[in-house]
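Pasting a structure here, questions to come.
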Amino acid sequence: MAHITSSSRGVFVIAVTPFLETGALDHDSIDRMVDFYAEKGADGLTILGMMGEAPKLTQAESIEVTRRTLARAGNMPVVVGVSAPGLAALGELTGAVMDLGAAGVMVAPPSSLRTDEQIIGYYRNVVETVGKDVPVVLQDFPLSTGVQISTKTLRVIFEAHPSIVMLKHEDWPGLQKISDLRQAETEGSRRVSILCGNAGAFLPEEMRRGADGAMTGFAYPEMMANVVRLSNEGRHEAAQDVFDAYLPLVRYEQQPGIGLAVRKYVLAKRGAIGSAAQRRPGAGLNAAAIAEIEMLIARQTRRLETLA
Amino acid sequence: MAHITSSSRGVFVIAVTPFLETGALDHDSIDRMVDFYAEKGADGLTILGMMGEAPKLTQAESIEVTRRTLARAGNMPVVVGVSAPGLAALGELTGAVMDLGAAGVMVAPPSSLRTDEQIIGYYRNVVETVGKDVPVVLQDFPLSTGVQISTKTLRVIFEAHPSIVMLKHEDWPGLQKISDLRQAETEGSRRVSILCGNAGAFLPEEMRRGADGAMTGFAYPEMMANVVRLSNEGRHEAAQDVFDAYLPLVRYEQQPGIGLAVRKYVLAKRGAIGSAAQRRPGAGLNAAAIAEIEMLIARQTRRLETLA
Amino acid sequence: MAHITSSSRGVFVIAVTPFLETGALDHDSIDRMVDFYAEKGADGLTILGMMGEAPKLTQAESIEVTRRTLARAGNMPVVVGVSAPGLAALGELTGAVMDLGAAGVMVAPPSSLRTDEQIIGYYRNVVETVGKDVPVVLQDFPLSTGVQISTKTLRVIFEAHPSIVMLKHEDWPGLQKISDLRQAETEGSRRVSILCGNAGAFLPEEMRRGADGAMTGFAYPEMMANVVRLSNEGRHEAAQDVFDAYLPLVRYEQQPGIGLAVRKYVLAKRGAIGSAAQRRPGAGLNAAAIAEIEMLIARQTRRLETLA
Amino acid sequence: MAHITSSSRGVFVIAVTPFLETGALDHDSIDRMVDFYAEKGADGLTILGMMGEAPKLTQAESIEVTRRTLARAGNMPVVVGVSAPGLAALGELTGAVMDLGAAGVMVAPPSSLRTDEQIIGYYRNVVETVGKDVPVVLQDFPLSTGVQISTKTLRVIFEAHPSIVMLKHEDWPGLQKISDLRQAETEGSRRVSILCGNAGAFLPEEMRRGADGAMTGFAYPEMMANVVRLSNEGRHEAAQDVFDAYLPLVRYEQQPGIGLAVRKYVLAKRGAIGSAAQRRPGAGLNAAAIAEIEMLIARQTRRLETLA
């Protein structure tokens, strides 16, 4: 399968990992989910990310999820999250998933890193571990990792390692970081693909700042697909109209922790997966939360009708 | 002036601190701002909070801001943020502002606290320091303080200290915390007033969960006033309609750090303060950010017209 | 092999993981090291801990290190560190090492935990995952994990889970925690074994406070063995004499990060392992550091001669 | 009084703040303590540091402690800690204490700083706030502040701001940082004075690496004075002999939190201050701790006699 490159664009949906109510992997739902994401406009997938409950899987299960997803995804590129406490596990999983046909791997910095030098050194070790022929996505998500990476540090890392082809951008605030990176490219810096996370909560602005698309897992991937498409067509008010219709639910799904339960509830409701079950430990939804979600979905549906 | 109580309700606007371009306090703008907040529906004010640039003020300036605000606020209760690294400074400022007529003080936990016992012990020290006759607002804002306070710990603190009359609720996610506290009250726990922060980003749901109002600083206080009023009238779809119209800008203003620049820009544009200037260190807005804000305001205006 | 119990006592040495200069596992040195530790007075071993470079091993290597260590250790109980980002990996490794004959597993809390409830909930999940028949060591090491566990929380966890038989104590300061736990036992709380870490830097005081021994990896295990023995004999001044002779090097080896390089340097020098090599990323020693260590060893040798 | 410079050397004792049992400032003990420190070999003092309970003082009390200390210190230079959450308070206190005759001010970074750029920017703001004529000590204490400052970042800051004349060095591990800074000076970097903290726990090695002395508060300042003097004379084994005699107590006093209680207990016992009382919140010593300290002091006394 084709690798991701510094020119990759569009919507890479952060996939959930489907489980049965028993907690076992739901293999059939992997197929259904891949089809669903493709139908709703995904250009690629990212699996085994933080929102994919990756740490709850054994290594064998991680490989199996990758194998099954790749088999179903066909030509759609699949990035695999391989963040791990140590380089050995990271390298081992990378080797396995690239052999299976992954399009690249995604690596977040361990939360112990602080200084610019430590961050730069970490990605040097990562590239040496996985090999220079493996495309790497650098995940910049300070809210979750606690690691703040300045634009300057990102530029040093990108210059040093051509195999780091993509930034998963989810700094918050992060709009100026996109502008600064794109500005640097006009001054000779290497281009990288920038796909944005944060549940898509700033996607219209991110596209106008120069992002190449989205890499996030909102349960309505068509929102991201439409916002990216309209933005690329220069139809920014229309992009914002679509975005605004979904924003109340985006906001609700973006809540840390419980957000994954919301996402799985909606995906199950939409038929993308068989069950909203999470592996332990995972927060469920009570009646009050479900009522809130249903109200938001009903309103979203009505609002989208006015846009049609 | 009347003190806040465990029955206080409505919208307490988190006030900014107005500065001249020179960095000096803008005393005239304090008056103008107080009037503006009152006109837009504020039931009370909270000054010298994190978003009020309190740490950038000298102690004398803090007193002066309090004095001027109170003089203009008339019967509108004013809560004063007194969080400090040590109890001595906290107690000294509390004494000064209560003498001036403040309605209560707000205290966030220092970021060094970790265990439940440490948090409970801290608020015991606070109450002993300020005295049991001073109404205290407990600010629960883990995203900023790093301190996570469980519902159970909040209940222990509230039971122990009747003078802690209000929770400034800005845990994220935090909806269930409201439900749990209200449920506990049906089982005999002491009632506290719950006013919600987080830029109002979950205000409709918070009101339905049992909150008494908002304590936050979004630059359109009429949003909070209307959402709170409609919610209290049981008109939840209408409340959500109002909320949705403002949400794109709420989201933009809620960005950490730069959010205050956004808020001051809008307040200055609306005539509430003379200048958007922040004291150093404070992020400014560049042309790209201003264009984004202006687009959001224009869209918000159009959307509100459809609701009228 | 016998399992650890709440009555386990003595010195469990935190073993390093020996590598060749190439970075490959040094299987022969595992044997040599096990023999060395036994000769120097170890009552048990703990492998795959933080100082054992566990995150740098693949899962297969972790199993292999366990297998080889167990084969050589004979009747000496071996605890295996199984801390992992997720319960699935933790459970999988636990099953594997217990099948191989481990005496128990050690689990540190993930650094995301904050409130008492979260910590209590985590160990409930751990016990459910590994099964109630697997002896668990709770590692309380706030300096490294960032998680502070109060004595009260420890007691709740110990009462709830009889299979958590041991506390690896390395809070700092931590002396009063030992006294408080022992005091609680006189009031009816369940007894747990308390073995102390922190490179042994407070071992004489810890023994007097009621600890059962040490679980740490100082490169002179005979220090721990002698201090524990003399303390148990009530010869506290003699215990402190031994301790004081080693303290300058204990202090030097206790430096975060570089401490492991110091430990491996000394172990290699003493013939316990073939090489001081660490897997990447691992800090090496420069000439200045080596000169400091050699000076400390020379002085330690002279000092011990005066005690003989 | 003379200002500190980049050539300052010797022992600057971190002074405690003496309180009466009532919690009031003990003015008389300030005089006694200053005399005690001078008699025991202090070349200077540092007041209102983290171990000086500075956050427990009101602003007026901070000024009063400074005034009284300066009046008694005579020609001995006194550095004043002015770290504060905001620049306004920092600047205000700096102005006041420099007017009173302080030799310089010490500033630790706020714990919110992460990237190199943020740290560099912070000290630029500090220098602009206090003015370029005020000598500044940069306190590098990651264990307490959570801020890691690389050698490279320190060099950028020192080059940019000639008024930052001194590094209070208490990184841990930190020996190589001294070597690297001194090496950089041989390559043309500006020299700064390096005085070391961490309770003196690495003072012999720090002196050999190129430190200019100590800035810490161990209750036996004569230890630091003698180690510094002997080191400067090249008598490194003798310096280490002195150090080793005190190390068991240094270690005990270095415990976070409770360490200050230990220090004040010993200082009161030695007659340097009237009471070991701390202001709330402050940990006291129970009988077990006192017994441990007394045993350590008795052993220390015997050991020192063998050196005489």
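We call the chains A, B, C and D, going by the order they appear; numbering starts again at 1 in every chain.
We take it that contacts are C-beta pairs under 8 Å (C-beta built on N, C-alpha and C of every residue); 3 or more make two chains touch, one makes a residue touch a chain.
Because the structure is predicted, anything quoted here is derived from the model rather than measured.
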Discussion item. Using only Cα atoms to place each chain's centre, name the chain farthest from chain D.
Written reply: A
Worksheet item: Is the contact between chain A and chain C built from the same residue numbers on each copy (over half shared) or from different ones (under half shared)?
Response: same
Worksheet item: Between chain A and chain B, what is the separation of their C-alpha centroids in Å?
Response: 33
Item to complete: Express in whole angstrom the distance between the two chain centres, defined as the mean CA positions of chain B and chain D.
Response: 38
Fill in: chain A and chain D, separation of their C-alpha mean positions in angstrom
47
Discussion item. For chain C, give me the residues that contact two or more of the other chains.
Written reply: none
Worksheet item: Which residues of chain A touch chain D in the complex?
Response: 114-118, 147-150, 152-153
Fill in: Complex interface listing, chain B residues touching chain D
54-59, 61, 84-89, 92, 111, 121-122, 125, 128, 279-281
Worksheet item: How about chain A: which of its residues touch chain B in the complex?
Response: 172-173, 175-176, 179, 201-202, 205, 208-209, 236-237, 240, 243-244, 247-248, 251-252, 255-259, 286, 288-289, 292, 295, 299
